[in-house]
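The structure under discussion is supplied below as structure tokens; questions concerning it will follow.
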Amino acid sequence: MIVVMQPGATQEQIQAVIDRVAEFGFQTKLAPGAERMVIGVVGSPLPDTLKEALERLPGVEEVIRVSKRYKLVSREFYPLDTVIQVRDVTIGGNEVVVIAGPCSVENERQILETARAVKAAGASMLRGGAFKPRTSPYEFRGLGEQGLKLLAKAREETGLPIVTEVLSAQHVDLVAEYADLLQIGARNCQNYLLLEAVGRAKKPVLLKRGMAVQIEEWLLAAEYIVAQGNEQVLLCERGIRTFETFTRNTLDLNAVPAVKHLSHLPIIVDPSHGTGRWFMVPAMMLAAVAAGADGLIVEVHPNPDHALSDGAQSLTPENFAAVMPKLAAVARAVGRSLRGVATAEPSLSPAD
Amino acid sequence: MIVVMQPGATQEQIQAVIDRVAEFGFQTKLAPGAERMVIGVVGSPLPDTLKEALERLPGVEEVIRVSKRYKLVSREFYPLDTVIQVRDVTIGGNEVVVIAGPCSVENERQILETARAVKAAGASMLRGGAFKPRTSPYEFRGLGEQGLKLLAKAREETGLPIVTEVLSAQHVDLVAEYADLLQIGARNCQNYLLLEAVGRAKKPVLLKRGMAVQIEEWLLAAEYIVAQGNEQVLLCERGIRTFETFTRNTLDLNAVPAVKHLSHLPIIVDPSHGTGRWFMVPAMMLAAVAAGADGLIVEVHPNPDHALSDGAQSLTPENFAAVMPKLAAVARAVGRSLRGVATAEPSLSPAD
Amino acid sequence: MIVVMQPGATQEQIQAVIDRVAEFGFQTKLAPGAERMVIGVVGSPLPDTLKEALERLPGVEEVIRVSKRYKLVSREFYPLDTVIQVRDVTIGGNEVVVIAGPCSVENERQILETARAVKAAGASMLRGGAFKPRTSPYEFRGLGEQGLKLLAKAREETGLPIVTEVLSAQHVDLVAEYADLLQIGARNCQNYLLLEAVGRAKKPVLLKRGMAVQIEEWLLAAEYIVAQGNEQVLLCERGIRTFETFTRNTLDLNAVPAVKHLSHLPIIVDPSHGTGRWFMVPAMMLAAVAAGADGLIVEVHPNPDHALSDGAQSLTPENFAAVMPKLAAVARAVGRSLRGVATAEPSLSPAD
Amino acid sequence: MIVVMQPGATQEQIQAVIDRVAEFGFQTKLAPGAERMVIGVVGSPLPDTLKEALERLPGVEEVIRVSKRYKLVSREFYPLDTVIQVRDVTIGGNEVVVIAGPCSVENERQILETARAVKAAGASMLRGGAFKPRTSPYEFRGLGEQGLKLLAKAREETGLPIVTEVLSAQHVDLVAEYADLLQIGARNCQNYLLLEAVGRAKKPVLLKRGMAVQIEEWLLAAEYIVAQGNEQVLLCERGIRTFETFTRNTLDLNAVPAVKHLSHLPIIVDPSHGTGRWFMVPAMMLAAVAAGADGLIVEVHPNPDHALSDGAQSLTPENFAAVMPKLAAVARAVGRSLRGVATAEPSLSPAD
């Protein structure tokens, strides 16, 4: 059950709700939004008499029963679409947004060159890993803070906001100092202490789906972040683990309409990890936008054969530039536009 | 290794190839195509001396080493796109084709009403099950031959070619008498005797991917059909089995660019089984075409709540009709057209 | 709902039940057992008034509501353990039974040599494939009827009953002429026409679980066989398909206590396909019996490196003989005995 | 490549190895063991000339090429079995060890009562969660440090060493103050910063396999811990995520012989999470030990119906006590003994 307070509700009115809930023997969880306080009531089953008692309290706007295990992120709770602001970029509205960049920041030349190229092709944000989770301890694990500084330099030059992964609660402050959008990787999708740490940060969060995480569990992971008061959560489908071995993961585009149905949060798609093969990435970029995704995050590397990580799934800047006009055409076909690419009438021929 | 004979090669020339291969201790497999005989050489490793010996024989056009386990269906063997003709409908060319209809044929009124509705909305073929594989022996298993007759009646009235499932080698002749396109269901994807039986039929085959079948194994299943001389195989991705329970299956759209890369066969997508939820079907129809699918097969039922099977995943005729113009717009955005829907310039607004 | 008739119920009494059910608008399904007729009532929801009406009819012993989708194979329906008789071998009782032999029958010497060796080591039945389903059309597919004859010869010499796979409804009569236990392979677990065909045969059936078949669906597959009047169904867990690639399949030993809980049918385990690696087979043989399996089916080949199929997962006769005394000790530890191996007190040392 | 130094090798000799490797352009990773330094050489491909150069250096005992991606945990590197000491309990030797206790520590009475009961039945260690990762933020998340204190109290009273989960690198010091064995949960199996933090702790670590983690990746996760100098790693198979829904997870007992083949680390099994259903737990306890597991970790709760977490998979103390003599019999059948249970000759009857 969720108690939505009126915009100007006082601290006393909020406390009165908390006390009333406690009298019924249940607990509360505060979700202070930008404009109004939301109070989650935790417990099951919650009696109708409690709902009625709360509705009568001053300062209460609405009391909503939520049938799902996730509450604050459910569409039942908030029927509109959440829109996220990352500097001057808006995600979750009519414009489709593309984030691009290398898997790892390797050196200044590589990140600057990539940033310029993806911006020229229409990307709206720059991705790049400074702290990398790697399956083997003997693999390249990123440049650390030096990588963050190079990302900041690339932002300075190109104006592109930057997204980079944060691996641990201890790193949140450091990474948030540089990043505009904090990425939680697939392996940390259910690292609840980290989720709560970014929930307390004042930066938007990109939450990747874990490799074996069901959609309901993913939304519950997002609930951990939002329950800390950070409503700026962007979900990212990046493929799940199945028996198929031709692809690195199985990109579950079903997740796009499923999330749109269940939640008000925006969702983007990562076709690079979702396929693991660069030649499949353009097709899945188009498919993701057609399915209703609010954006994409794509690996682009100036020299994939020599990338320190994920070369096999990285597009060259040329391949990336080639697919963007087609992406704009697909966005237009589903009634949207592609941020960063002029929406002039496409004149594609079958040979494209 | 594959030996491609010249178009006019004689029986003697073919026999000479077979004999030469036998001298080297290997076996041959004949794949008589419409225009030329192809001789597969089975065994591994095959020596270079054999390749050279065969290239010198009269009537031999080309000898090709195929690195994949599947040979005749591989793009290495045939680099162009196979195009399949089902009556007046062409699949695998520039036009995207939509097959629609109920899961099961239930009665005359239901199938005729559906056939008219899907045709009006732009469908190019009619689907409907007469022999249904059901998980429980206590569920409705189809009308059998009576269902086939009703499909034929619907074809007569609407002109739509019909596709229906064949469950067993014994049924192939019966089903082929009525159907224009023989469907092999997911549960029979590796029923090799059935595959060979439809391989000997003179009708095109729609081969659904099995629930736990890897892409390579699926292509090997197609190889069983083509190796019998039937090159008219249409692949159909319909979702694989994973840990996700919100959806009935996980639609693996990665399979579309993967199959296009590996094989020359056309591929269509079934978003009804691939999601199991009707409200997700339109989004995944658009995504499949954006990914490069040559067509779709979609369940449409005039009254899904009372369907004898698969009601939860069936579109109403109204919902089906509503998505078709959007599908045409997506097809156009990727440089194709949608068969059955006028390709006038779409003027979609964001509110669509 | 299931109506159990009294042992001597007449045809008229049975017909009266069928008629009464029809008056309520539902259908019946006859399951003629060795001693008594069982009548399944199909439909949902079935009213209490129907149950009461049937209980009053003469010749009716009991009317049972079955909450599961599978009825005749459920433990709710029959709370004891079904015991299956294959010639002189009893499966499902206190004795654990081992079936062993090569994946494929290759030639007379191979099958006779293997049969003698596995019998000497304590095997109770001989396995061997004559009709083999193979992923690729270019692989060895078995000797066909010649293989069946060689199996019969091995039986004649050793006295071991034989189990072999039947691939198609058309082959049931032929295979049943030779085999003592008809095997349905994993790929045909949901080939319902084949299940019904073996359901009409008068031979016990070994039903392997499909690679992506849930336990409930597997029991429904068994229901297809039993619903045809053949109650002699032996389930076989052989591994399911998962993301793990080190093993060929993931042997799901959970299935053993699950099936024992849900069904009265006996269950055996195939650790050869369940692991795909011969050096893991002995450990999983022991584990399966400890979990409560009624038997094992194990691949043994005199020369695994030269086997025409499945060499990597075949034990040598020596390895097979070495594990059997340990298996007897584990069987004894769980209160059972191992058929074919003397149950003398084991005196294993840690070095074993 | 791994360079094993002689037991008394000097700092200079070690530095000489590092320098020589650097001259070849590769990096080193030190693994200081209790008795000798091991130096991992990172890079690929490593030339034979490097191996020869290192073998000639003073203080070098052996240079070993390791073909696997994991090095220090591989059996290639150390062919014997690692034995782990947790207070007076030895894991990985001939004795099978059972760890038992509730999912969460709920209150003093609950943990003390359980500790006494499991000790009386033969358990060798006590488990109990103080910091719980929960899928939903609204579920009970453990008592925190208060829970650790209650565990310590239970240890004081019963003498049982305690194992409890650590969720974050920040908590390692706190948890290590109380726990004898630090548990890394399935969701943190690839939380590499946490793995490294426990790698620096001076306590043995129990590393659970992640829900979608392949055996190779699991061993690489263990490598993260060992590479920090902590060789006391105990692996724990607890079920993987598959399409099967009757069970909570699919317990992958194949992992037991696989890990024994690939690694020298001991492995235990968690049949509680591996099945999710208490009535299946005893069968899988027996199976795990028959497969070769070095121990078990089992959830036991005095009142499962009122447990704050995981009640459905918890044994009562009575059920736990009932299975222990059978477990001792199975251990004995495979040449081992069960720590805590007298190894008197079992006299089990079939009715057991």
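Letters A, B, C and D mark the chains in the order given here, with residues in each chain numbered from 1 onward.
Keep this in mind: a contact is a pair of C-beta atoms (placed from the backbone, for glycine too) under 8 Å apart; a residue touches a chain by one contact, two chains touch by 3 or more.
In UniProt terms, the chains line up like this: A, B, C, D = Phospho-2-dehydro-3-deoxyheptonate aldolase.
From a predicted model like this one, the values you see are computed outputs, not experimental measurements.
Of all chains, B has its CA centroid at the greatest distance from the CA centroid of chain D.
Of the two chain pairs shown, C-D and B-C, the one joined by more C-beta contacts is C-D. For the pair chain B and chain C, the distance between mean C-alpha positions equals 34 Å. Among the residues of chain B, those in touch with two or more other chains are 212, 240-243, 245. By the touch criterion stated above, chain D contacts chain B in their complex at residues 241-243, 245.
Every residue of chain A that touches chain D in the complex is listed here, in rising order: 29, 40, 42, 69-71, 133-138, 167-170, 187-188, 190-194, 210-212, 217, 220, 223-224, 227, 240-241. Of all the residues in chain A, the ones that touch chain B in their complex are 94, 212, 214-216, 240, 242-247, 250-254, 256-258, 260-261, 274-275, 279-280, 283-284, 286-292, 326, 329-330, 332-336, 346, 348-352.
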